[in-house]
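First chain written, first letter: the chains are A, B, C and D, and each begins at residue 1.
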Amino acid sequence: MSTQVNRSWQMTGFGLSRLERVEDKVPEPGPRELLVRTKAVSLNYKDKMIIDGTLIPDLVFPFVPTSDALGEVVAVGKEVSRFRVGQRVLGQVIADWPDGDAPPVLHKHTLGSSLSGMLSDHVVLGEDAAVLAPPSLSDVEAATLPIAALTAWFALVEATKPVPGQTLLIQGTGGVSLFALQFANAFGLRPIVTSSSDEKLERARQLGAWQVINYRTQPAWDKAARDLTEGIGVNHVLEMVGGDNARRSLHALAADGRLSIIGILGDTELSFSILPFMRNRITVQGLSVGHRRAFERMNQAIEALALKPVIDKVFGFDEVPQALKHLEKGPFGKIVITMT
Amino acid sequence: MSTQVNRSWQMTGFGLSRLERVEDKVPEPGPRELLVRTKAVSLNYKDKMIIDGTLIPDLVFPFVPTSDALGEVVAVGKEVSRFRVGQRVLGQVIADWPDGDAPPVLHKHTLGSSLSGMLSDHVVLGEDAAVLAPPSLSDVEAATLPIAALTAWFALVEATKPVPGQTLLIQGTGGVSLFALQFANAFGLRPIVTSSSDEKLERARQLGAWQVINYRTQPAWDKAARDLTEGIGVNHVLEMVGGDNARRSLHALAADGRLSIIGILGDTELSFSILPFMRNRITVQGLSVGHRRAFERMNQAIEALALKPVIDKVFGFDEVPQALKHLEKGPFGKIVITMT
Amino acid sequence: MSTQVNRSWQMTGFGLSRLERVEDKVPEPGPRELLVRTKAVSLNYKDKMIIDGTLIPDLVFPFVPTSDALGEVVAVGKEVSRFRVGQRVLGQVIADWPDGDAPPVLHKHTLGSSLSGMLSDHVVLGEDAAVLAPPSLSDVEAATLPIAALTAWFALVEATKPVPGQTLLIQGTGGVSLFALQFANAFGLRPIVTSSSDEKLERARQLGAWQVINYRTQPAWDKAARDLTEGIGVNHVLEMVGGDNARRSLHALAADGRLSIIGILGDTELSFSILPFMRNRITVQGLSVGHRRAFERMNQAIEALALKPVIDKVFGFDEVPQALKHLEKGPFGKIVITMT
Amino acid sequence: MSTQVNRSWQMTGFGLSRLERVEDKVPEPGPRELLVRTKAVSLNYKDKMIIDGTLIPDLVFPFVPTSDALGEVVAVGKEVSRFRVGQRVLGQVIADWPDGDAPPVLHKHTLGSSLSGMLSDHVVLGEDAAVLAPPSLSDVEAATLPIAALTAWFALVEATKPVPGQTLLIQGTGGVSLFALQFANAFGLRPIVTSSSDEKLERARQLGAWQVINYRTQPAWDKAARDLTEGIGVNHVLEMVGGDNARRSLHALAADGRLSIIGILGDTELSFSILPFMRNRITVQGLSVGHRRAFERMNQAIEALALKPVIDKVFGFDEVPQALKHLEKGPFGKIVITMT
């Protein structure tokens, strides 16, 4: 195996111009590790922020970015008992979080952040940090799950209990948002989707949005959301932006409502008025992906519900820079790179 | 209003022969009560057991049986604030259970049991013991909800958290079972339905059963259920029968599995072996209908999920004895009596 | 009974000067109501804010303020089944919240706010809006429970699950804070108390504070709290102030930490940085008293744990203005008015 | 290190006569393993059942029994990050259960059962299967925790939520029972202890039992428990015996009560009547020790609450057969073997 060539995209510094294709040896798995041949890698907005240098300023180079990949197990360490050669696996992004509460020091073992990422032909994963891919999904589809789908799933299903008929406001139509839309539909929630594009909103409707709001034409979208819910407010909002947007999210909430902060695309500050917050018993919770057991439960659910991830565009391994540029355009769903 | 005639079916003793049609005055609602004009009444197996004298041996006569009815509010007491005339309502069967834990002494305020039942043109309900009917359901459909649907909902959604992809074994194809089947489907559970009739199993399949087992041709249905789940066992079983059947249910369970005891059609004893029970961390829970808040949540879910109750047969007000006889035949879904 | 005189303190406008003693007839209880002879009334800071006109600007006069009182049932309506004459009861402040989620429109039925308050010899309570007082407490002690104790209890025990050994930061030494300190101790939590007074901190220590911080001499008390927890941060903070103080509270939190907002003595805005909030999976929850079932559970706990409320000072019925002035001084524990 | 001698007690067949002292080489830890020098080992009743051959009939010999030991880390594998040499550790009995749900195939990795046990001078533990011992406990005290304390903790605190003032019936005065008694006291539960010995009941009282029942003089102890709770019944029963005893436990339960099955000393069958079970919404749950996170939380609680395990008797390493015989006498608390 060691005679094979292992292609990677490596950061040698910040900026797209410092992302370079390299070739080296295929790594060897340790006793409890898996050697995985990567088939497809999906991108998240945070990958762009890491490459740009805005998210992890003290990154050590060279560094292989990205966290989400589907691969096939091609070799296993001698003590491995959870997997065998030939299985299709996905990496568990927060590698040392099996279940329950997160590990005490979180970012010690995170794929594509404190650990090396997935933009390589071969990667090594701990056997405790991988899950089986859902059999019904293609390689490209399965590659989209580790961050985007698990974040949506964790916010909707693990951190709370979805109650059919309740309303859920979903911001935008990126990867996490469309997974949230699909899960919400499956659970009988009433999803309200916001976007600045009527065309995207129309596609969201076709995917099952109960209501849509164009926040460009309706900048007071919190008011619009209240109107859509007969003045009661929305039961749950998935916050993707921060700043003033998050403040509006709080205004849009019903009594006993919940704001799950799962992304920051804008201002990193949030300010709000405490009195209605207290009177209405509002909960705000920060979330960041999820644990391995939740990932397994989600994959089981994806099979049972026959869900298919929404893919915006697929790029070849040579087109990684183009794929990253495409990410800035606000895709509708996920961007995936195939390794072939 | 008091000049109107109020028709009822009243028990003057045990047995179908002592169930008699009577006419009296329309009752007056108290300050916090609703006068409800009944439109449709659904039957439950326990109504038959009450009429036969097997469930409540010390019942005081005369007694109007049944618990489940859809009606229209025709008058309200002067302090009523939760409802207004013209609304379609359903009675909350355990009348003094608004939310959370049940009231200390349960059967003090139960419709059709410690309280008078619903087989009358007019009934009086406390305003705290009623909920709005789902607008999308007809009168006949809505009348089926108070016991059968709420029991299934409470066991699947309130007492535990449905995890899509998990398996659920449902016994039979009566009212509760078919509601459980519909809810299970909506939540992405994998329902396995048992019956002694291939024809009913075929209909269950059409309603979304993932697998079916004919317990007549496969008396070791617990073994059959294990085989269908690759030897793992079923995650949740809804027990409707008791006795040896319940013992089989426990054998069919996976580790961390749950047995919800929601009905007794057979032997009232249950015996099982403790060692595997302990090793596999099994939970057995007895359940009995549910609280008003759960009823409200369920109705909201029925709207959002566009569920339609399965009606076996509708009878006229004069056909109550025939309807009760039909109940013994093992209907597929609910039996309803219309008041007109 | 109607020949008796019923003394009250009534607001005829905002400001202490418009709080007047009046006498009228003893009220009659309705069919499901209790007539309660008040023995002791405790004050909360919000009573001062209501009297000053800062909390409910559109209050309708005349209005009897305050919410917390211990009284004896002296008559019951003819349909009352939950209480009998002679029992010592406390009013459930959010009167229509029996259990589970709060009622849809919260402030419709709140004692001393949307409903008339307790500063009268006699008050009328719905039988669903009262609980038995703990037998081991005196009238004065029991009168302190309805808001202060229940708010602390709900934040520590009902909205979350206390884990012995975890740290809890409690702000100040007012009524809610000292109940929180006593409950925290009982559950094996490690309470850290903040105050501007070394003398009060010493008394807090004697009541069981694990650590204390004087925020006057240590304005960076969030840093001090981190230091006391070996850099890990505090697991739970009870926020009483708002504004910059709440921001510091968030800084003091450990990963997976919780901020319960249960009071506002200062700035009503809260602003914080989202990124660490998300990474550390922080939860912020607004809370406002609690439901009747929680009140019953708390009273049972107070008995079992043999807790005694901390009383700062007791005033006579004629001294209500003095008692309200004393409230501004930052008492150590509760202020109570006896009706005799 | 490999020149050192490693003493063990090994089973070469079933029966006490086949338990033999042997000496071999000190084992080497793998890359993610700890070499632990054992200081104290505690016994559980199931150790006796394993040695007698009644619990695991297909055990492979030679086999080192027992599961609970306190030891010091004397060497670590090169990839170990959670522990360092010199720390005092306890083994996590169900080794591959870090948190949340149990692993799919439970008994694959259980200390002293599917894995080799602890009756050796040195043992090797995976770094994921160990926790730090509470600093305030001596070696002998800490050795008692892994099964007895964690079983009691899990049943009282993890699988449910202790509500102060609720009643808990504890059967007997063995290791698990006395831990349950101490935890119950700490949480404000009202523990009722049963035993056949008035002398042991008197000691249980001194440890904080609220009430005691001698089941020899009061064979209808379920009735006695009901009487002690004003006819309401007990909220939670910890079942240690099985068979008829478990049936009595169910009779002793209040509505919404819980029976945690955590031990089997007698008949392994349980039978009960379903109707009251269903009406009263009873829960029966089988439990078997607990996960590592619960172990860590418990140790933190033991520190915060300053709890001290009750030790019945300490034996020397040469006295293992005597210690096992003593186990049959029904000790009051734990039996421990010191390795020196």
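The working rule: a residue touches a chain if its C-beta (ideal position, glycine included) is under 8 Å from a C-beta of that chain, and two chains touch if they have at least 3 such contacts.
Note that the structure is predicted; figures quoted are calculated from it, not measured.
A.B. asks: Decide which interface, B-C or B-D, involves more C-beta pairs in contact, and give its chain pair.
C.D. replies: If we tally the C-beta pairs in contact for B-D and B-C, the bigger total goes to B-D.
A.B. asks: Could you classify the subunit C-subunit D contact as same or different, where same means more than half of all interface residue numbers appear on both copies?
C.D. replies: Same, since over half the interface numbering is common to both chains.
A.B. asks: Take the average of all CA coordinates in subunit B, do the same for subunit C, and state the distance between these two points in whole angstrom.
C.D. replies: 41
A.B. asks: Could you state the distance in Å from the CA-based centre of subunit B to that of subunit D?
C.D. replies: Their C-alpha centroids are separated by 42 Å.
A.B. asks: Give the residues of subunit B that touch two or more other chains, as numbers and ranges in rising order.
C.D. replies: Touching at least two other chains: 101.
A.B. asks: What does subunit B use to touch subunit A in their complex?
C.D. replies: Residue list for subunit B touching subunit A: 161, 163-166, 186-190, 297, 300-301, 303-305.
A.B. asks: Which bits of subunit A are touching subunit D when the two form their complex?
C.D. replies: Listed in rising order, the residues of subunit A that touch subunit D are 30-32, 79, 98-101, 128, 291, 293.
A.B. asks: Going by the contact rule at the top, pick out the subunit C residues touching subunit A in the complex.
C.D. replies: Answer in residue numbers: 101-102, 104, 106-107, 232, 242, 246, 255-256, 261-262, 264, 268-275, 277-288.
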